[in-house]
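For reference, the structure I am asking about is given below.
Here the chain labels run A, B and C in written order, and each chain numbers its own residues starting at 1.
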Amino acid sequence: MSDPADLTIGAAGRALRSGDLSAAELTEAVLQRAAITESHLHAYLVLDQDGARAAAAAADAALARGEDRGPLHGIPVALKDNMVTRGLETTCSSQILAGYVPPYDATVVDRLRAAGAVITGKTNLDEFAMGSSTENSAYGPTRNPWDTDRVPGGSSGGAAAVVAAGSALAALGSDTGGSIRQPAALCGVVGVKPTYGLVSRYGLVAFASSLDQIGPITRNVADAADLLAVIAGYDPDDATSYRGDLPAMAGSLDAGPDGLRVGVVEELSGEGIDPEVLAGFRGAVEALAESGATIEELSLPAAGYGLSAYYLIAPAEASANLARFDGVRYGLRVDGATTEEMMARTRADGFGPEVQRRILLGTYALSAGYYDAFYGQAQKVRTLIADEFARAFERVDVLVSPTSPTTAFRLGDRTDDPLAMYLSDVCAVPANLAGIPAASVPVGLDERGLPIGFQVMAPALGEEVLFRAAAAVEALAGFRDRPALATSEVAA
Amino acid sequence: MTGWEAVIGLETHVELATRSKMFCRCPVSFGEDPNTVCCPTCLGLPGALPVPNETAIDYIIRIGLALDCTVEEHSLFHRKNYFYPDLPKNYQISQYDVPICVGGHLDIVMDGEHRRVGITRVHMEEDTGKSLHVGDSGRIHEAAGSLLDFNRSGVPLVEIVTEPDLRSPEEARTYARELQALILALGVSDARLEEGSMRFDANVSVRPAGSGDYGTRAEIKNMNSLRSLERAIAYEIDRQVKLVEGGGEVVQETRHWDEGDGRTHAMRSKEESEDYRYFQEPDLVPLHVDDAWRERVRASLPELPQARRARLEGLGIDAVAAATLVAGDGLAGMFEEAVAAGADPRAAANWLTGEVVAHLRRTDGDLAATGLEAGHLAELDAMVRDGKLSATAAKDVLAGVLAGEGSPAAVAEGRDLIQVTDTAALEAEVEAVLAANADAVSKIRDGDMKPVGFLVGQVMKATGGKADPRQVSELVRAKAAGG
Amino acid sequence: MPIDIDVAKVARLARLALDPEELERLQGQLGAILEHAARVQALPTEGVPPTSHPLPMVNAFRPDEVRPPLAREAVLSQAPDEAGGYFRVPPILEQG
């Protein structure tokens, strides 16, 4: 059997139940992989070896008792470090939360533990999930397992990197404007942003409350469906969590592309997209057509304004969400003669440049005299975008586009040009604004051997058809490559 | 301040007496050790979220309905952004352009007149923590530092805003007392000013009497009793009038009432404090109060002070007495019981609003602590009507009852106040007085009735005031004329 | 063309103590970002309601029930400064 660290959740689960593999062995393999890859990647901020080993032992004991908690039982899963973990440092990659140890667990963490998952640790991110390269981390950037001179994408770059590299079988990321899908695309793994409200945000350190959603990052679509099924569901501690029946995530996984109505979003699939990425995307669309899917080119003009609206709405919400970091109750404090001075210094020293930019942007967009022209107008454009998607879904089952305009770029390439950095999310943000589910599936490599991501979007609560389409794309693309770092020859 | 008119509006914050806080499950409890009633949500910890308390919404609808407000079918929570260390998230979840209750009124009685005070809005928000300024000389900016306790953080807070309808400190105090009585009657808060579970801010401006437009207003804070509310407003009106008459200008500012020196002081204003950057709270979904919900709450309303006053007035007592009875703790209840037990409404009301209220004020005790029972008032009234007690004697008896000397009968006995109605005994007294005042008697015989009053007085004196004056004067006339 | 904003005032509102050079640098960056963001103003939106929430939901409440609060040790464990069970801060300039 190959290195257990490279197994999918499905395969590992079968091995655990057949007795060919124990959760302890699986966890050791993953920790060993991390021991090798972390020096290259810096994908983990906290690797909780003791916690993971204890959880693995408990999982084995439970299985031995005949207690099977389901697909995640005994599976090593990593958490993006903006989900709070009781007793385990949670910093959101920010100086302002250096050494912060939360007194409670996020709801998703409770659900993972209850499902028997083995939590390996906390992964690196752009500070407070603000960025698209994981370079905005106060604790240093994470590198891309496919090419360590390049970024893994962001903000869930650490989470995507550990799944690609084998230092976890799966991870939870958060997606406010592409932060799961874009790094998944750049790291050649599967990433899913669920319908807004499907997964509790309780314990997710808020970036933009009306856009944030936690979702799975995995090695294949089936794993993503299984992981999402475990973390999704109503939470009385989150007033925005969805109270209705959950979609059958894996219900139509094997239904295939035949008869699937696919809409290609022109505004997200042409101008500004790297030719190689476009070629990879078009190739996958062709394959769908050849296997019985009907393809329609659709124009969603308002979606073209998504990025502009996003960079008003998200910063506005962030400016309030991040106001609580003031040096009074927890985290960093920089002294001052008065409380006002202490707060202003603490925030100036504790927040990195990108976070400060967004706080200022959002404060401005909400301030007297500018609200209507900026935040107010963006909220209306958001309505136009949502309506446009709703109308499109009357004609097609899913909408598709490239996930990211480019493959992984070099560290430092965009750090001096915020706008260029923001543009890497141009295809991703409309789904957040509309609150609909979207997935990224790897469909191939560019000439440099870097993964290309294919984005599928479905109607709100349309996870079943989302996973069906994603699985079809995955099967047709037959993408099996692993990054050099993950192959045992290099690893050894 | 003749020639000037004051324009006053009040903003009242009321802490609701729910079991748990507004957005988290921490208990609402006072006097606990600092920071022992807190959780991730009311501490503003990273990742924590608010979930509204349904009972708090019921309570605010109660208040809105009691104030005759329109309960909006759709309303929203907003974030009010400002940095202050006792505000854990550095924004307060409140309501902005779409509050839950709008456009009501509260009727009050001023010097016997019914006055209507407009209510602009009633909205839901969350309370802040408490900051304690140490090394304190009273002046906050001289404090060596501040201590923060977040037990109060997140307690449900209802803000009730009036129109600028009040015209005098007394009227403001009357409104405040009436509102407090209403809140207590609704059972949604203990409405204690001293403990801060009911807090008033006053917007005060002055203008030439009869002028239609408004002067620049100052907002007065930190008044923790009805008395200080009245004093602070009176001081502020006086200050503004003197200022304007001296050629100065009132500046729009927040002023702090100092109970110690009896003045209001300009507070160092928050920088950019006007720009709260309100926006809809994305962690919460809109409120939708349908007819069924609203009517369910309406059906649960108790009788309100206003209605109760009207009912008491219906029993034949005046507005002032009714207002005093309803405002006082337990007075209206005892009044109704006494009347039910047969007491004359006017007599019972006079005793309760007169002797009883005076006694309570003097001893500043409460009604329950006195020896007085509703039955006593009926008994007292009966004794007066049967001529057993004179009106004056009845007041003495009541004083005895209040002092705990027992029932009216017992007190009347004990204080020896029962009127002499035994005719024989009385005739003897009358004859003795007539005998001692022959010339007065002869005047009467000659048709000059002036001395009658004098003779009656003599008899009353002789009987130690226990005789019935009417009976005495009849006997005097009869015997003097008879000869 | 880049939008000119009073960064110093916005920084005060946002409680960020930034020095003149930083304000200078941010001036340009924010101006450029806002210029791109301002494209939303090109779309006609008369009569379009704003969306604050992606899913149409109302009335998410909880019953009025209590849950034991955190132990004070947990409440204060992360405090930068505390005294006698309170969080402690430097003197507060502005009155609440």
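FYI, a contact is a pair of C-beta atoms (placed from the backbone, for glycine too) under 8 Å apart; a residue touches a chain by one contact, two chains touch by 3 or more.
These figures come from a predicted structure and were not determined experimentally.
Central chain by Cα centroid: C, whose mean Cα position is closest to the mean of all protein Cα atoms.
Taking A-C and A-B together, the chain pair joined by more C-beta contacts is A-C.
Taking each chain's centre as the mean of its C-alpha atoms, subunit B lies 41 Å from subunit C. Spacing of subunit A relative to subunit C, judged by their CA centroids, is 23 angstrom.
One simple way to say how far apart two chains are is to compare their mean CA positions; for subunit A and subunit B this gives 59 Å.
In subunit B, the positions touching at least two other chains are 40, 43, 51-52, 83, 85, 90, 146, 148, 275, 277, 279, 282, 284-285.
Among all residues of subunit C, those that touch two or more other chains are 13, 15, 52-53, 57, 60-62, 70, 75, 87, 89-94.
In subunit A, the residues touching two or more other chains are 100, 103, 210, 236, 239-240, 319, 323, 326, 328-330, 339-340, 343, 363, 367.
For subunit A in complex with subunit B, the residues that touch the partner chain are 83-84, 90, 92, 97, 100, 102-104, 106, 201-206, 208-210, 236-240, 316-317, 319-320, 323-326, 328-330, 339-340, 343, 363, 366-368, 371, 375. Residue ranges of subunit B in contact with subunit C, taken from their complex: 18-20, 25-27, 33-40, 43, 51-57, 74, 83-86, 90, 128, 131-133, 140-150, 254, 256, 267-273, 275, 277, 279-280, 282, 284-288. Looking at the complex, you find that subunit A touches subunit C at residues 100-101, 103, 195-197, 210-211, 236, 239-243, 302, 305, 307-309, 311-312, 319, 323, 326-333, 335-345, 347-348, 351, 356-357, 359-361, 363-365, 367, 373-374, 376-384, 386, 418-419, 422, 433-436, 460.
Of all residues in subunit C, only 9, 12-13, 15, 52-53, 57-67, 69-70, 72, 75-76, 83-96 touch subunit B in the complex they form. Subunit C contributes residues 5, 7, 10-11, 13-18, 26, 29-30, 32-34, 36-43, 45, 48-55, 57, 60-62, 70, 74-75, 77-81, 87, 89-94 to its touches with subunit A in the complex.
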